[in-house]
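Both complexes shown next keep subunit A, but they swap its partner, so subunit B is in the first and subunit C is in the second.
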Partner chain A sequence: MAAASAAALLVAGCGGGGPQSGGDSKLTGDKIVLGVLNDQSGAYSELSGRNSVKAVEMAIADFKAEHGDDAVTKDITVETADHQNKPDVANSKAQEMYDRKGVDAILDVPTSSAALKVADVAKEKKKLYFNIGAATTDLTGKSCNRYTFHYAYDTYMLAHGTGTVTTEQVGKNWYILYPNYAFGQDMEKSFSTAIAAAGGTVVGKDGAPFPNTSGDYSSFLLKAPTLNPKPQVLGTMQAGAELVNVVKQYNEFKLREKGVGLAVGLMFITDIHSLTPDALAGTTYTDAWYWNFDQQNREWADRFQKETGTRPSFAHAANYSAAMQYLEAVQAAGTDDADAVVKQLEGKEVNDLFLRNGKIRAEDHRVVHDAYLAQVKPQAEVKEPWDYVKVLKTIPAAEAFRAPSADCKL
Partner chain B sequence: MSGFLQNTFNGLVGGAFYALLALGLAVIFGMLRVVNFAHGAFYMLGAFGAYVLLAEAGVPFWAALVIMPLALGLLGMVLERAVIHRLTRLDPLYNFLLTFGLTLILQDLVKSRYGVQSSPYATPAELSGTVDFGLFDFPTYRVFILGFTVLLCVAVWWVLGRTRIGMVVRAATERPELTRAFGIDVGRWVTPVFGFGIALAGLAGVLAAPMRAVNPLMGADLIIVVFAVVVIGGLGSIFGSVAAGFGIGLVQAWGEAYLSDYPLVSQTVVFVVMAAVLLWRPAGLFGREEAPA
Partner chain C sequence: MTERTERSEGREGMPGQHGMSATVDTKAPPARSGLLAVARAPGWVRYALLAVGLLVALWLPNGLYPAVAVDILCWALFAVSVDLLLGFTGLMSFGHAAFWGTSAYLTGLVAIHAGLPFPAAVLAGALGAALLALPIGYLAVKRTGIYFAMVTLAFAQMVYYVANEWRSVTQGENGLQGVPRAFFGADLTDDYYFYYAILPIVLLGLFAAWRIVHSPFGRVLVGIRDNPARARALGYPVHRYKLTAFVLSGFLAGLGGGLFAVGHRFVSLDVLHWTTSGKAVIVVVLGGIGTLWGGVLGAALVVRLEDWLSFSGFEAIGLVTGGIFVLVVLLFRRGLWGTVAHLLRRRGAARRE
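Take a look at the complex of A and B:
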């Protein structure tokens, strides 16, 4: 008897919460709580928002169905909060989730400045955080930490895919228009690097006011065709409503007819829906996932549509996948202890709904996977609602993301 | 040279929106002494109304250009009678709060029904080309906006300057007490004038739908600049608001075109102009100093 309990103590002491057998008590509070922290009322609420909460609920249902009575627990719930894209709100909501709501892992968090705050909280509390919505490469660079994973996309992936292929296939001379704040400046740098590496030249670049209260971009759009040498590509790094303004005015000034093509830095399928495919026909961009890419995506998109009434963006699919991978890791570890779950996740190779040829890199916690170069179809080729793009090329996981950064020390 | 002309033209088009919005604010302020913070929300409703009419009922742009100003003008009159009217006798602060609250309600109503994602609205086919001016070509739709707005401003100026209704409105704006003393019923003009100001905002919204992102916050972004325009022109000055609207449009366009290497300057140039004008003429360029109470 005494020997048995001494052995149990020894196991618990050494393993730091490694896989243990028997009993249900390895979960704090005997349950798992996932936290979805994102924009639920502002500019990014459509591309992720409350429908990402639905996606996570779908993952929980699928996990329970898959494991049945063997599931580590059947008590899995979702907490959610609106961070309004404000870093200070994100910071306090994240603390509240971890400390008072018993959240084991936070998901999503669009807006880079807010995401970096949540990564700091995760590090301090030693709880997990899967970023999906934010694009900054700092999350896997100088701000990386042991408890933060970066899913879905980042500025390198966007610039590398769109910048390289557009330079090779559409034209070598670029004019870059970016919103003049952290994200836009980061995107401009990433694109300039990718364009130069592909043998192209940035003949001009301008930072437009952010936020652009006048909604007017005509001075930049008038300037573009007059530059010498004349750019063949206008690369816009604006997002959301600002992107809509740029594209509407790009069409008004007939830049495509003047020989200046359009490449978009960051676009979600919800943006194409706002602008209509004809306004963007022929535009290329890098997508992390597309709902109508193959049968597996389509089946899931059909289920998602039943739940939400709309088609999923890549952020919705990535939230589903991240929740699923977290639950599987807890199942494998037999505990929700963060360090044990990290051990399960690091280096894992995965294929699921979202991750194709996916790998959770141990070096920097970047989750790499295939990305896609997509082109917007003209309305005439759109066969059903939301069927807006064709995938020109699959960018293999190994190429789609940057190599682990030397700045990252987990 | 052609680049300069294009930028100038653009400035005037941008200024046309400011002029329409500022004109509405000016007549409302003149008649009611109410600074209508909800003006941007009515601009947004104009654009959203055009979108809903087209998407749900197939009503084209041209019809929306008539329907939305009328509908919003009516809504404005109802609101004036129902709520704004009750507060005009109180401290102006109460109307700030009321119209600001109205903005939030209107924005969130639209948000809860249509979300924050921008809604699609295409340029009407007959205006989607470009006009060749010899030195440069310019989108037909922008030429239309400019022509239409100038005509409208001239019409408003004519009505105010040459008709009996206009005389009453001008008199009531400048000396409300004296106008009443002459036995003119100023009160009966208050509601229609408020409705008219709102109708102008709705009209600007419909005009904006094809070239701007149509979403619940589109008015909130723009209205800050419009308030600067009104202050520069002189609160309550009808001519001043139109002149300052076009002027600020030009300043912004030139600033963005020629100061783009100094983004901080081009972003704040409007407010620098406002500060300078206020230092030089505290009542605005065309405003009159109010006699001390």
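Take a look at the complex of A and C:
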């Protein structure tokens, strides 16, 4: 008896997915709920974390201000959970958000394994998922689905931008150091392809153990300048704390003075902040967005700083944008029915805070936009806190991301 | 202790049939086992406890989010498997993720590629874990204490790196996605129904663990835990007993891991990570070492707590679970179940006087 009634309750809880027939509102529960699922206590909490929840709240406020009384609903809330970078937690939380918390769209979810799982859940529950935090191109490749959109960045974008421009402008000979696991190997391959396409050569490459518990990269860094021909660029694919170690040792061995420049696969502004700009000065990397790029970004960054006390990373801006684009699509569709919203989003061309010359590709749900080749300034040129990079070049949206993959069947 | 050892004198070390019956004396109260303290309670208390436990198990997915309830079941098996070694054999395994995770991967692979119903896949996974436990256990049981913990940890790390590198099979970092929940055409995609589908398997596993510790074999394990030298002197092949316990424990951990994989419908490298081994030990210590049911209680609390914390908005989850762990170790050294059992026993003793 108890089981049966509970099952009925459960079915009632799950069954709210489609648009309600009749009634005035086409929204389930007459409201929109956004879910931010990310790392709020671990390695990625700085670069996204709870401040992304703030960014999404800013998007909701802006949406309400923009549409006023015409807004599809005024009842828009945010649910959030900490997945602790554990894919099984991400799995349970994503299901719970969709089923029990009435979440219409989940945002963020760093770590590839967690993101792929949440994409799977979204597909099953027929609810939307905007990935921002994970870099794997599988999300728009063999694991793509109708309800998942990939925002911000991916391994191809990072490698393509930095690999091409650095080869053209800094030096043709590369030495690549990568962490020996899926992300690092993907990055190494993408970089090698981009470098070769730009007319450069990879004179040497090494996979460092991952995780590198000793934090020792000296054998690789001492070897780099002795290679023949001598590499002009050291490309490091390490991220986070490992990147910090590589850069420290790069500086210790004075490789820059020996004529070996530094290019980084993946870096967030929060990494520069913790390493200090001097440790990274001259390093080039591909950025998806930079807070001090233009007036629009800056104004938003000022608001963000008032809310959070810190400057935004590109992940924060991307969360804002994804929330905004979702709300706009619901507004246009007049319903939160996932299929109707997907129809609104597919093929849409957008310019907003984060997306410049943006387009939500219908073929694979990759959200393409301009990317930036950035270079870290020396401390002497830093005029204010967090003003750490100058943008060397804008990489047009069409070039920044890979063409839709044949593996993706929506 | 003395009582029991006196009774086993007639054994004269026969390795072939190491005394499945000769040494048993169910009346002999073991020195430290909280479980057996409950077993000593009057019959109606035991049946009442059992009934309450079963009712809670039946009700659980109605009160909790079903996916969390499924996790609790899996972790309960895992914790009991660790307790079998830690509490009843005196071996602190710090590498049980190897069996939990290996079974998770095997179960996932079997379910994906062979399309078998999930209980068959889980069984295959658990058997694989037991098979892996054989060589690891063979080498590890020759050591005790911290060395045993280190050896098991080392092997678990090896398994972790193999899974990490063997991308063509395990999908590496991305995890093994899309593990099906096939069961003769029944639709088990809803976790609520899946919970009831796996409940009998979990209960069977828990019953097996209970039978093991209550069998003559289990009593010998306790004897080995308390005084290995004496057990050896009495003619018990101590290593072989420990190895058998290790393999059985690996099988139970594998049972939990396989169900966990089907429950989440994917397997990630996390299942093999050393923190998973650590969490299993924490669960057992919280619940009470050597109490068996304490592990079940600990699993329920830890899984529920982590679930609650991730929605709580609190930014230092590790601080909370770590803090609770420290408190329990400092204040309730018998663990939660052990402390309650101890208090009940003291009251019972006082009443008898």
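Quick note on the criterion: the second predicted complex is superposed on the first by the 386 of 410 C-alpha atoms of A that agree within 3 Å, B and C clash if a C-alpha of one lies under 4 Å from a C-alpha of the other, contacts with A are read in each partner's own complex, and residues count from 1 in each chain.
The rule is short, and it goes like this: a contact is a pair of C-beta atoms (placed from the backbone, for glycine too) under 8 Å apart; a residue touches a chain by one contact, two chains touch by 3 or more.
Note that the structure is predicted; figures quoted are calculated from it, not measured.
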Partners on subunit A (subunit B, subunit C) - clash or fit: fit
First, second, both or neither for A:96, with subunit B first and subunit C second: second
First, second, both or neither for A:143, with subunit B first and subunit C second: second
Contacts of A:254 with subunit B and subunit C, given as first, second, both or neither: first
Partner chain in contact with A:41 - subunit B first, subunit C second, else both or neither: both
Which of subunit B and subunit C A:357 touches, first, second, both or neither: neither
Touching partner for A:305 - first (subunit B), second (subunit C), both, neither: neither
Which superposed partner A:77 touches (first subunit B, second subunit C, both, neither): neither
First (subunit B), second (subunit C), both or neither touched by A:375: neither
Shortest CA-CA distance between subunit B and subunit C [superposed frame, angstrom]: 5
On subunit A, positions contacted by subunit B and by subunit C: 41, 45
Contacting residues of subunit A [partner subunit B, same complex]: 41-43, 45-47, 180, 206-209, 211, 213-216, 218-220, 222-223, 226, 240-242, 244-245, 248-249, 251-254, 270-271, 273-276, 278-279
Residues of subunit B defined as touching subunit A within the complex: 3, 6-7, 10, 13-14, 111, 115-120, 122-123, 130, 139, 141-142, 210-213, 215, 217-218, 221-222, 224-225, 252-253, 256-257, 260, 263, 266-267
Residues of subunit C that touch subunit A when the two form their complex: 58-59, 61-62, 65-68, 71, 164, 167, 172-175, 177-178, 189-193, 196, 260, 264-266, 268-271, 306-307, 309-311, 313, 315-318
Contact set on subunit A toward subunit C in their complex: 2-3, 6-7, 10, 14, 40-41, 45, 49-50, 80-84, 86-89, 91-93, 95-96, 100, 112-114, 116-117, 120, 124, 136, 138, 143, 181-183
